[in-house]
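This report concerns only the one structure given below.
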Amino acid sequence: MCRWMAWLGQPVLIDELLFKAQHGIVDQSLHARMGAEPTNGDGFGLGWYGVGDGPGIYRSVSPAWGDPNLRELAYHLESPLFMAHVRAAIGSPVQETNCHPFRHGQWLFVHNGYIADFHLLRRDLMLAIDPPLFAQVQGSTDTEVVFHLALTLGLEQDPIGALERTVGLIETAAGGHGITAAVQGSFGVSDGSTLWAVRYASEGPARSLFASADPSAIRHLYPDNERFQRLTDDDRLIVSEPFSDLPGVWHEIPQATAVTVHHGGVLEQRAFRPIATDSVSAPLR
Amino acid sequence: MCRWMAWLGQPVLIDELLFKAQHGIVDQSLHARMGAEPTNGDGFGLGWYGVGDGPGIYRSVSPAWGDPNLRELAYHLESPLFMAHVRAAIGSPVQETNCHPFRHGQWLFVHNGYIADFHLLRRDLMLAIDPPLFAQVQGSTDTEVVFHLALTLGLEQDPIGALERTVGLIETAAGGHGITAAVQGSFGVSDGSTLWAVRYASEGPARSLFASADPSAIRHLYPDNERFQRLTDDDRLIVSEPFSDLPGVWHEIPQATAVTVHHGGVLEQRAFRPIATDSVSAPLR
Amino acid sequence: MCRWMAWLGQPVLIDELLFKAQHGIVDQSLHARMGAEPTNGDGFGLGWYGVGDGPGIYRSVSPAWGDPNLRELAYHLESPLFMAHVRAAIGSPVQETNCHPFRHGQWLFVHNGYIADFHLLRRDLMLAIDPPLFAQVQGSTDTEVVFHLALTLGLEQDPIGALERTVGLIETAAGGHGITAAVQGSFGVSDGSTLWAVRYASEGPARSLFASADPSAIRHLYPDNERFQRLTDDDRLIVSEPFSDLPGVWHEIPQATAVTVHHGGVLEQRAFRPIATDSVSAPLR
Amino acid sequence: MCRWMAWLGQPVLIDELLFKAQHGIVDQSLHARMGAEPTNGDGFGLGWYGVGDGPGIYRSVSPAWGDPNLRELAYHLESPLFMAHVRAAIGSPVQETNCHPFRHGQWLFVHNGYIADFHLLRRDLMLAIDPPLFAQVQGSTDTEVVFHLALTLGLEQDPIGALERTVGLIETAAGGHGITAAVQGSFGVSDGSTLWAVRYASEGPARSLFASADPSAIRHLYPDNERFQRLTDDDRLIVSEPFSDLPGVWHEIPQATAVTVHHGGVLEQRAFRPIATDSVSAPLR
């Protein structure tokens, strides 16, 4: 299990959301409430858009709750769009190349969940990666392979469509090994302008995923909350689990759903339907 | 909060107790049951007596549950006497020099608990350390200072007495700052032959501490348990919290009590009574 | 031995000086030319003024040449005033709390060199630290003690004067132990507006220290160098060793000299003369 | 570039060879003399046979010269057969899964050198790995791929033959990409009883490799050297570069040569001739 969050809105000091939020992502690294396990202490990552070309990434194998550098960076970096991820490793080593977000050019990618029996599928799935991208896979997580499959299948042109094809391809490959509940989780993607998120499981309930409500509604609900009063209509959060229990602030994203957040706080929602691919050896390209 | 364990008995593969025990110390790093917090993920340490002069130490800032090197060492080191400690930092940095056990010559030292308002007392307490030992303090924990005070006050001649004088000195120094509940915790000490453990709090209940029962009683209680049948009369464990819920296997060490474990499994118990020292600037030496 | 650099001038992407400079500080971590040792691989630190209150710090125990996070940060942080330091440990542990720069409020501090026989002096020097500052010493380097002595002796009011008193105090304390060549090195200090640097050794030649020349002179000398043409009259560098062999670009700072760099590129130079303090136990405050 | 060493002989405290040898492997991590670069500071690994089943491995991303745990382990582990490796990364991340030795069951594997243009060949070579072994590749080095190819091609039955087939396969695959000088380096292999070493380059001189001379000859040459007098006829070292300049102690292993060291100090030498494999997609199995 892992936890992630993404912010798209006015430029904020990252600290505001990582450390100042009551039950923010750093608190979730130690005390997650909605996952299979409360502890997400096997490294973390922060990807942000700001100064310099493309997104910056800070990844560490330390638990997020105890890393002094994360606290420093959060307090001295401002960004209108960033993603943070805290990791609970399930099998693959605790190393920076296994920490999310993963990056390709302008793109960032995070995941909470897993590919079932990944050790059985890893070879087939890596063969389906566009060969020139193969050597870019530096770690050993399922997520990095999913990301490179999605890049292979058109992520940069159509993020949701590419993820539907990717999940379809994985389910097909898994089926060939007799694995049914192949894909579990939530995915987050950004190119620096737009934010996409998917909640999906091949079988049973998918990992939790929430979007912050319309800021004007939040301000109206909690007129005395100073932090909320600073929210503008541009501001949206997507999170694995809410930062607070306040009613009306968080909307659960339904199962098998994809969400798109545009600048200006506009949030679109549609069904997420995997597109089966009948052959791993001939991926759509 | 932290958790620790100590073994004195027949030489065993360390793995047997660190990883194979149902709720061993590594499991406690992720899921402690009896502490203020379930997570002890801010580094760990292992000190063992075996090949080579004096005790060896392996310390790491990684959580114990995810460190592949700890697993390797545990599986390839055999020892008749070792201590392991998993840390939950409360204020001081996560760094190897803050990980227990601390060492001086043949001696190892671990602690679960704290010195209250240590930042107020640190200078006074460090001044009370025997000057030639001062430069050996490499980290910034309260425990390392306690250890060097105890060395100053005769740990190598009379471990329990030195700890009584040390706790008395700390309580006196704390009193001067208006701090009442100065010392909290359990302490473990060894010189490679004998094992000493103390449970004590200046005020209120002290951190939990348990000793394994007489091995013959354990074997009798659980005749079908293969692991228990391998226990000899030499074998004793001291632990922050039991490795299992089995009745009759673990005896709680009472409040304000010191325990001595000799080779041969002999366990002695006596009251632990801090010896007040009226001046920090003139420690008993 | 260590190496450090400081920039005061127009806001630049830190990458420009850390990685793009031909023989910049990261290259010096692997291939220093002017020090006792070519390798400065025992951790590093970056302190910068920019977004957020006070300076940010990123410190790591990895060698600077191989740390992917440093590369990321350098490429995504812009600052008008920053300091970087690569460390070659001589005795004290490789841990983040021993990495420079050290910080106190708005102040940053770096050092290349050593206090001779520091283990003999550590206690005396720590006793001379203003008691409320004592608990802030988190690591075990001589430099952190020097910094806290300087804070005790007025760094925030008069940086150069405080360093003269600090060095005098150390030399006096060392004399009491029969140590003559007590202080060796170069020091860098900043409050976010001004930059101070000192080159001094109690005996023999001090560690090397250089300032970049007047930018207009540099531009005039190298009219075809694009990077140099971007220099404005505000820009100044202080470095342990030059980033290039180009004549006219770097001026050696003389022995026993203090330099002050103000905004606008103004560089003042004066003699550095330690002020002896006759008693460690009664520091000037 | 990297440096490695292997010991087969009487059980020794690992410290004797890692730290006590004048120019041992830890000194080579900071000051190698025979490689392209003096610094091998991008992690290290130690693999040893001793207590417990199979070899133990300790790997770290710290430079070997500054890792306190390595010093501890070396001083408290005794082994009749061990390998140590210090790494200079050339492209792939500094992470434990990229540190040598690599392990499979009873087998250990180290390498000094590289596969040229590995990013171009990585996919082809990984496809040639026996599919059930594919998921065991945890890092991103060329060496780990070479090891798994050698396992695919019979390492456990015929180590030298399998390496000849592996090198042949790599050279064939490289030829298909127009790469000529594909393989460079020295390789070390052990199963816990025997030690094999290979020195080979597809083009030009291969990385240096030396074997210690017959112990009786060494004792005879240096009758006053206490350490040498402790050598028995069982003892042999294979090293990337000699631990000393003493004449008669080290024999250079010729280019394109494989060496086998049996218990009892018996050293056999034969030509190493890659066996071309015409198709990557149909490896010899």
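Think of it as A, B, C and D in the order they're written, each chain with its own count starting at 1.
By our rule, a residue touches a chain if its C-beta (ideal position, glycine included) is under 8 Å from a C-beta of that chain, and two chains touch if they have at least 3 such contacts.
All of these numbers come straight from a predicted model, not from anything done at the bench.
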Item to check | Chains in simultaneous contact with subunit A and subunit C | outcome: B, D
Checklist entry - How would the subunit A/subunit D interface be labelled, same or different, where same requires over half of its residue numbers to be shared? => result same
Checklist entry - Given that subunit B is a copy of subunit D, what angle of rotation, in degrees and a multiple of 5, matches their CA positions? => result 180
Checklist entry - If you average the Cα atoms of subunit A and of subunit B to get two centres, how far apart are those centres in Å? => result 41
Checklist outcome for this item: Where subunit B touches two or more other chains at once, the residues are 68, 93, 96
Checklist entry - Which of line, ring, star, complete or other matches the graph of chains that touch? => result complete
Checklist outcome for this item: Listed in rising order, subunit C residues that touch subunit A in their complex are 13, 15, 48, 50-53, 56-60, 68-69, 72-73, 75-78, 96
Item to check | Touching residues (chain side subunit B, partner subunit A) in the complex | outcome: 30, 38-39, 41-42, 61-63, 66, 68, 89, 93-94
Checklist entry - Which residues of subunit D touch subunit A in their complex? => result 92-93, 95-97, 118-120, 122-123, 126-127, 131, 134-135, 137-140
